[in-house]
Amino acid sequence: MDVLYFAWVRERIGLPKEKVETSAATVADLVEELRGREERYAAAFADLSAVRVALDQELSDFDAPLSGVREVAFFPPMTGG
Amino acid sequence: MDVLYFAWVRERIGLPKEKVETSAATVADLVEELRGREERYAAAFADLSAVRVALDQELSDFDAPLSGVREVAFFPPMTGG
Amino acid sequence: MRIAIQEEPFDFGAEAAGFADGRHDMGAVVTFTGVVRDLASGDLDAMEIEHYPGMTEKALRKIAAEAQTRWDLGDLLIIHRYGRMAPGERIMMVGTAAPHRRAAFEAAEFLMDYLKSRAPFWKKEHRKGATGWVEAKDSDEAALRRW
Amino acid sequence: MRIAIQEEPFDFGAEAAGFADGRHDMGAVVTFTGVVRDLASGDLDAMEIEHYPGMTEKALRKIAAEAQTRWDLGDLLIIHRYGRMAPGERIMMVGTAAPHRRAAFEAAEFLMDYLKSRAPFWKKEHRKGATGWVEAKDSDEAALRRW
């Protein structure tokens, strides 16, 4: 599964994209798994109320299932316009 | 006093502007006086709910006094923009 | 601030590009343009706009001043034509520039609502040799009550 | 309908002039332009905009389609830049054309409210050598609840 990071989530984790092998059932499970990996992930996901997630380029929720998903993206609330 | 007419009020009365000597106290009195003059005025002022008035180029009301006023204008509801 | 009342066409692209151009303190710019609209019937030959010289200038200045009192505007533009225009021609435009988008949108809507019903312009349609004055709409009068 | 996501500047005057130009059935055209705004401090060196290629296109198409469902629009335009911009530069624009002014205004406000909070763009400010991500405003999230 491709995992993408944008804005300060990308800066804290230190890379824009990586391949992750996971059996996490939901986004929340994936976040838990990443948090346990290294301090930089724990820092990026310290406050989930400030993080948004997209599954296959559609905005989604942390309790959404990951089955069949090819691309997960984490980023702060958007500031377009 | 200069009396001006615009749009269909002008067309019904048949002229854009005229000098009127009057001792009418209010706009309503002036309208009454004009109505009594000729049929074309009566036609123009048949339905006052469809006529607006400006005194010295400021929107006003039919019960406004005419004392000191130099220019009275009658016209239909405006359709700008 | 600029207010122009004119018979000749205006260059919308140039006016839009020039309006508030280079201002660093205004994050939001809104323009509204009114266009001579032909109905589905497609039989409109021309729109003719009459106005009240002298009062028109005063009314537009008053409306513009009111908008500047209500919103924090960095710039404001009103251009309104009179005379004869073909379908598709631009009748008028307003421009508003403000630090934030909500103020720019609201001020532009306010200007339009007031221009519709409080500025001394009257529209006459020419169709197949016949003419008719455009009637004021109750919805335009109602729109003023928002402000 | 046109949607453009690009790094290079766009010619606002030309885009505004060309949008819905010559349409006889649309009486009202609204444009909104977002500009890189420097605060009173005047120390903004640049604004940098990051986006999510792929998702951005999808999100803008979805927002545009939603606007076309809700309002009777004759045309619609969205241009949004990414990359580095100086204060005063135009970041983005939307254009809406409709038979009547209310629809054109509402659709433009709707597009802006959704672009602010639902299109994957992130702004970073560069000031005196330091950088900071622009935080989303509660008022922008609240603005969505109108629709």
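By written order: A, B, C and D. Residues from 1 in each chain.
Operating definition for what follows: a residue touches a chain if its C-beta (ideal position, glycine included) is under 8 Å from a C-beta of that chain, and two chains touch if they have at least 3 such contacts.
Labels paired with UniProt names: A, B = Molybdopterin synthase subunit MoaD; C, D = Molybdopterin synthase catalytic subunit.
It should be emphasised that the depicted structure is a prediction, and the values quoted were computed from it without experimental measurement.
Peer 1: So which chains are sitting against chain C and chain D at once?
Peer 2: Touches both chain C and chain D: nothing.
Peer 1: What chains, if any, are shared contacts of chain A and chain C?
Peer 2: The shared contacts of chain A and chain C, listed by label, come to D.
Peer 1: Counting in whole Å, what is the centre-to-centre distance of chain B and chain D, each centre being its mean C-alpha position?
Peer 2: Their C-alpha centroids are separated by 48 Å.
Peer 1: Just give me the whole-number Å value for how far the CA centre of chain B lies from that of chain C.
Peer 2: 26
Peer 1: Taking the mean of the C-alpha atoms as each chain's centre, how many Å separate chain A from chain B?
Peer 2: From the centre of chain A to the centre of chain B is 72 Å.
Peer 1: Name the residues of chain C that each touch 2 or more other chains.
Peer 2: 34, 101, 112
Peer 1: Name the residues of chain B that each touch 2 or more other chains.
Peer 2: Those would be 81.
Peer 1: Between which chains does touch occur?
Peer 2: Here the touching chain pairs work out to A-D, B-C, C-D.
Peer 1: Applying the document's contact rule, which stretches of chain A touch chain D when the two form their complex?
Peer 2: 4, 6-8, 10, 54, 57-59, 73, 75-81
Peer 1: How about chain C: which of its residues touch chain B in the complex?
Peer 2: 34, 50, 52, 54-55, 58, 80, 91-92, 112, 115-124, 133-136, 141
Peer 1: Using the touch rule from the top, collect the residues of chain C that touch chain D in their complex.
Peer 2: Within the complex, chain C touches chain D at residues 11-14, 16-18, 20, 22-40, 42, 44, 87-88, 99, 101-102, 104-105, 108-109, 112, 143.
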